[in-house]
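Labels run A, B, C and D following the written order; every chain starts at residue 1.
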Amino acid sequence: MNEHGILRVVSKLLIPFIAIFAFYVQFHGDYGPGGGFQAGVILAASVILYALIFGLEAAKSAVPPSWVRFGMAMGVFLYGGTGVATWLLGGEFLNYSVFTPDHPSHGQHYGILLVELGVLLAVASVMLAIFYAFGSRPVNHPGED
Amino acid sequence: MDILSLLPPWLLTHGVALLVVLPLLAGAAMAVIPRERIAWTITFMVMLICMLCALTLALQVIDQGRLSYKMGGWEPPYGIEYVVDALSAPVLLLISAMAVICLFYASPSVKAEVEPKKRAAFYGAFLICAAGLLGMVVTGDAFNVFVFLEVSSISTYVLVAMGHSRDRRALRAAYDYLILGSIGATFFVIGIGFLYMETGTLNMADMSNILDGLDGGSRVAQVGFAFIVIGLGLKLAMFPLHMWLPGAYAHAPSFVTIFLASTATKAALYLLLRFAFTIFDLSFDYVVTILSQFVLVLAVVGMVFASIQAIFQTDVRRVLAFSSIAQVGYILLGLSFLTLSGLTASYVHLINHAFIKGGLFLAVGAMWYRFGITRVADFRGLSKTMPWTMSAFTISGLSLIGVPLTAGFVSKLQLATAAWERGYGWAVGVILFSSILALVYIGRILRVAYFETPPQINGVEVLKNEAPLIMLIPMWILAILSIVIGINAGWVVDAAGRAAELLIPTQMIGRGL
Amino acid sequence: MVSPEISLALLLLIPLAASGLTGLCGQRPNLREAITFIASFALLAIVIHLIGFVAAGQRPELYLGSFAGDFEFKLILEPLGAVFAAIASSLWILNSLFTMGYMRGNNEKNQTRFFLFVAIAIAAVMGIAASGNLITLFIFYEVLTLSTLPLVAHKGDAKARKGGTIYGLILMGTSLAFLLPAVIGTHVIAGTTDFQVGGVFPSGTSLLTTSILLFLFAFGIGKAALMPVHPWLPNAMVAPTPVSALLHAVAVVKAGVFTMIKVVTLIFGPSLAAATPMSTVLSWVAAISIVVASLIALRQDNLKARLAYSTVSQLAYVTLGAMLAAPAAIIGGALQIVMHAWGKITLFMCAGAIYTVTHRTNISQLDGLGRSMPWVFGAFLIGALSIIGAPPLGGSWPKYFLMVGALDSGKAILIAALIVSSILNVIYLIPVAARGFLKPPADPDIDAKITAQKGAYKWVIIPPVLTAFGAFILFFFSGPIIDFLMPILPDGAF
Amino acid sequence: MSGHIILDLGLISMLLVIAFAIIRMRSLFAVVMLQGVYSLVCAAWFVSLDAVDVAFTEAAVGAGVSTVLMLAAMLLADRQSDEVSLRRQIAPIIIVIASGLMLFYAIGDMPIYGDANSPANSHVGAGYLDKTAKDIHIPNVVTAVLASYRGFDTFGETVVIFAAGLGVLLLLGLNGNAGKWQACPNGVSIGLGQSPYAQLGEDQPKVSPKAEVATNLPKEKKTIAKKTSQSKGRPRKAVPKGDVS
């Protein structure tokens, strides 16, 4: 892969911005289009791009499969955990208003933020997991790349 | 209710949501739990709690009638509502109880059939599947049904594919199921979309009210209903849409087959009842037409054809799978009568068949566990080599045929009576003809098992090699349950009667006849 | 004394307990057989005890709850059932005696399983006898089929499997395809399936409906072996002889014809049954069955097969009695159940005794055997005469009443069938005994050996002698039996 | 307004053309690429329908990541798809046409697109617009509906995605080494003998080490049975399976 010099340079420049864009989409979701789903996919895309240019092994050492596995579960936990937290605070499942009983709308903000983070984590991890899983299989046709 | 006052009040209010959330979260936890034993213990505990939860809910429903839970604290048409009533409570209990029973059995069975490193995640997928089924049943929101339908479907495809370490054909079966299941889900979601277009709401109760006000609604609602019936028909293996089922049941790991056979199609059947009778209702002509003509014909054809196909299968699991398709036909037949007694019979059979088929697959799984066999011809002499397993299989098998003093008899009696009362004398004939076909395909297996000599290995007869106790207990629980219901089905029939009254309110009786 | 309710429960529980205990004591044959005997005597005592109540006009009743919706599970003992229970329980004792001798004499395998299922079958028979409604009856009817299936296929070889398959398929098939719809139809039309004197159908029921129902009942009760649903019976002959004796004299076939009579008298009621056009058709079917089965019996060389076809023929007498639906005919049919039971079990036990001692199965091999086995052949002769209907043997009464019944119902022509059949009976039964006594032995040496060893086989020889004696005694007791049975008919019908 | 319609018609006809091209194409690489194009056009169309959130998702997931994943999957398969005989296409075509007709049947009674009085825009939909401003105070109503009003649905969707990941984990493994392990009965394996798949495996029944086999001497039966039940460790042994590809 060493011959693709331009690709490597360009992508090295691009990847951080893609990741930052993901977080922009994530946190700007309250105001414009976007949210955890899209952000998660974009975040995963940044890692996938890295893997495509620099090789799967490099990507795996940057984002180890064990993290991915953990991230999948953590995403669901973060989402469900928010609900459990509202339970513990005496509200219904996912009733974020109980976080700040005085200002229900603030609680809603926190809650939405938390669950969107959960979605981000889950989506990004699962996308990576699928990519790792397919990418790591031995290829049947050695003649092509 | 005295018992209810003993329980923590929190559980009484939030149990509805706990039932679904707990297995979902536990399922997620399984991805990071390394040890199989811990995974099994957690899974078992979670499903046990779910079962108790479902039991509490059932008691509450008896006590207070309909229970409603507002997810996120939002009022129903805006937020998602969870509802437990006489229709859903028994199905919830059935699913969670079958999960517990299967899990008993799982620890040896999964050890033999699933790769050691993957067992924890396998239990995770199971938990998610169970949560999906429970969610489908407990939700009172039409779109939420679709979400949980997907939750259960995706995990089911995975679970079926896990049969690949036993039989590579599991992958093909899972793929077929995936394709057909996705088509079914697409039809279903298009139907939901049309309903939303017609009513502007996703809440089932709200939807029902608005449809009533629109007098059934326009063509949009009609097409929506048709799409929903087709989508659910695929999921519940209605006759021409059943192609995924035999492969999925025959090649999945035993544990998965047992759970799916006894719960998955039942949850979809529940949804059909829910959509056809409570969201829509019998005052709409198109509902009556679709149910009492199309579904009726498909049910009858399915009962006969699937039973005949079952006779010609060589693999016992395929025999039972085709039999399941036929049994779905029975349930749909009762439904298509559109009478109180027909729906009661249908609901009774829904419950009974779960126990019966669960028991049969439990026994077949144990036979594979000991001898690596699933084909009819390999059952020779099993009554001698595995007497307890074979006896349980026999009892459940007789129940499937509909022999008196078993659960199967009760449901067939109810169904035949309902058919007669509806004026469908010919349907009685079909029911009994299909029972005779069941006699043939079960009798064929029993004959090999009881009247042929056990095979020999290297010239030595295979000795008695009974399944472990932990596998025997669940299958005997179900076999005994089958007999208990056969002797006194009062409680099942009562529960079904209450559900049927919910489906056809008094003013609707006789509608569409 | 034991209350009627408890007695009724015991009727089922005693054989079931015997079955369970037999299973537990499988390793110790003597204990196992002792249990069977104790149970059979206890059962007979209970039945006699219950008959006391029934004779006094009571109807012992045991309500076991509704098992599904408005389908109830209940036992009521009425005279017909009491008679049936009495036959079954008394013959169980003798058959157990015979079974023990036969099983040990032939070193049969799986003896415990055998005793176990026989006991369950007896429980089912008691259930049938005491059923309070059709649903309960149907349930026990199926249990009887299932519990006798392993007995038929007892030997486990290819022939036994084939016999068992035909047995199971025909009996289960007809009951599911015809009997169950008939039961459900009755339930829906009449609103109840309880047995009532004079019938349950409301007066406006159309004759077409009752015709269809009667047809379904007649062929749904496959155990009555009405042609053309009889093939299970000859095929069941692969079973060991004690089973044949039990099936053909006590349990299965009698349960069938008993159900037939009960349905006609207590569900339809004699007047409705007589008015239903289908009953004429069915009485012709029965008459044809009587003659055709006798003709087939004539051509069998295998002794058990000949007896089987004879049974098909004799059972059709009961069906004929039921379908004629005249009071005398019904009484005749009921009497035929009793008399034929004792006569036919004698014949089968004799066949079993001959097989155990000599291992011969064909009639052509019996030449001169009567001289070395005079008791067995003597019992056979008496049994045969009773079946034929010769006085002073029990078998003569039913034929008399059936003829009266045929005259009463204006179908005198059917008497011809009875007469032809009796002649045929003589032709196919008497020669068996005659060969034994009159023809010279084929191989005197072997026969001499048999005479010498006979003492070892006394338990297969004594029971048929006892039943033959019973067939004789019953001739004198037909009066009380008829009086006892009268209450099943509507008042003043006779 | 008319410009909008021309744009929509153009996009939809492009979608149609691409869809047919995907169906007819047999080179998988081209199919994957066309699917990416399809998603992109779809996203553009959603923008024109004012469903910006959906468009964003479609662009990111459909055109972006799923194309890459499809390519990764394609590397493991043949490059060309097999020809499907016309006979096998008949049933699906009939089903597609029938479903299409049903949808067309409904069109006549559908509310006009963007109709403010249609049920979808007046009942709960309008409620969300009011309530979001009141309850949650965020400008993006879609986010409010997804994450709060119908937050439980989104939780379910997250679990769907997680389940897909779990499936990949179970079936493929993240390091590409899964699928070699074979299941094995915990006793004597009998009955492969006359299996229709026997020619792919072996004809002889396998006896695993834990086999409970005995001679006909009753005494020995018990001792063997005891021994085997005591030995806990169960060596794995691959049993030949019927493999049909």
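Just so we're on the same page, a residue touches a chain if its C-beta (ideal position, glycine included) is under 8 Å from a C-beta of that chain, and two chains touch if they have at least 3 such contacts.
Worth saying up front: this structure is predicted, and the values here are computed from it rather than measured.
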Subject >> Given chain A and chain D, the chains that contact each of them >> reply: B
Original post:
Looking at B-C and B-D, which pair shares more C-beta contacts?
Top reply: B-D
**OP:** Would you kindly tell me how far, in whole Å, the mean C-alpha position of chain C lies from that of chain B?
**Re:** 44
**OP:** Could you give the separation in Å between the centres of chain B and chain D, each centre being the mean of its C-alpha atoms?
**Re:** 22
Original post:
Which whole number of Å gives the spacing of the CA centres of chain A and chain C?
Top reply: 79
**OP:** Can you check how far apart chain C and chain D are, centre to centre, with Cα atoms defining each centre and the answer in Å?
**Re:** 63
**OP:** Give the residues of chain A that touch two or more other chains, as numbers and ranges in rising order.
**Re:** 69, 72-73, 76, 80, 83, 93-94, 96
Subject >> Contacts with two or more other chains, residues of chain B listed in rising order >> reply: 24, 28, 30-31, 71-72, 74
Original post:
Which of line, ring, star, complete or other matches the graph of chains that touch?
Top reply: other
Original post:
Pairwise, which chains touch?
Top reply: A-B, A-D, B-C, B-D
Subject >> chain A-touching residues of chain D, taken from the complex the two chains share >> reply: 52-53, 55-57, 60-61, 64-65, 68-69, 72-73, 75-79, 135-140, 142-144, 146-148, 151-152, 154-155, 158-159, 161-162, 164-166, 168-169, 171-177
Original post:
Given the complex with chain B, which residues does chain D contribute to the contact?
Top reply: 99, 102-103, 105-106, 108-111, 118-125, 127-128, 131, 148-153, 155-157, 159-160, 162-167, 169-171, 178-179, 181-192, 194-196, 205, 207, 211-216, 221, 225, 239, 241-245
**OP:** Name, in rising order, each residue of chain B that touches chain D in their complex.
**Re:** 24, 27-28, 30-31, 71-72, 74, 77-80, 108, 111-116, 118, 121-122, 124-125, 128, 131, 135, 141, 143-144, 147-148, 150-151, 154-155, 157-158, 161-162, 164-169, 172, 187, 190, 194, 196-203, 206, 210, 218-220, 222-224, 226-227, 253, 314, 368-373, 375, 377-378, 455, 457-458, 460-465
Original post:
Which of the residues in chain A come into contact with chain D in the complex?
Top reply: 25, 29-35, 37-38, 41-42, 44-45, 48, 52, 65, 68-69, 72-73, 75-76, 79-80, 83, 93-94, 96, 104-105, 108-109, 111-112, 115-116, 118-119, 122-123, 125-127, 129-141, 144
Subject >> Complex interface listing, chain B residues touching chain C >> reply: 344, 348, 398, 401-405, 409-410, 412-414, 416-417, 420-421, 425, 428-429, 432-433, 435-436, 439-440, 443, 447, 450-451, 453, 486-490, 492-493, 497
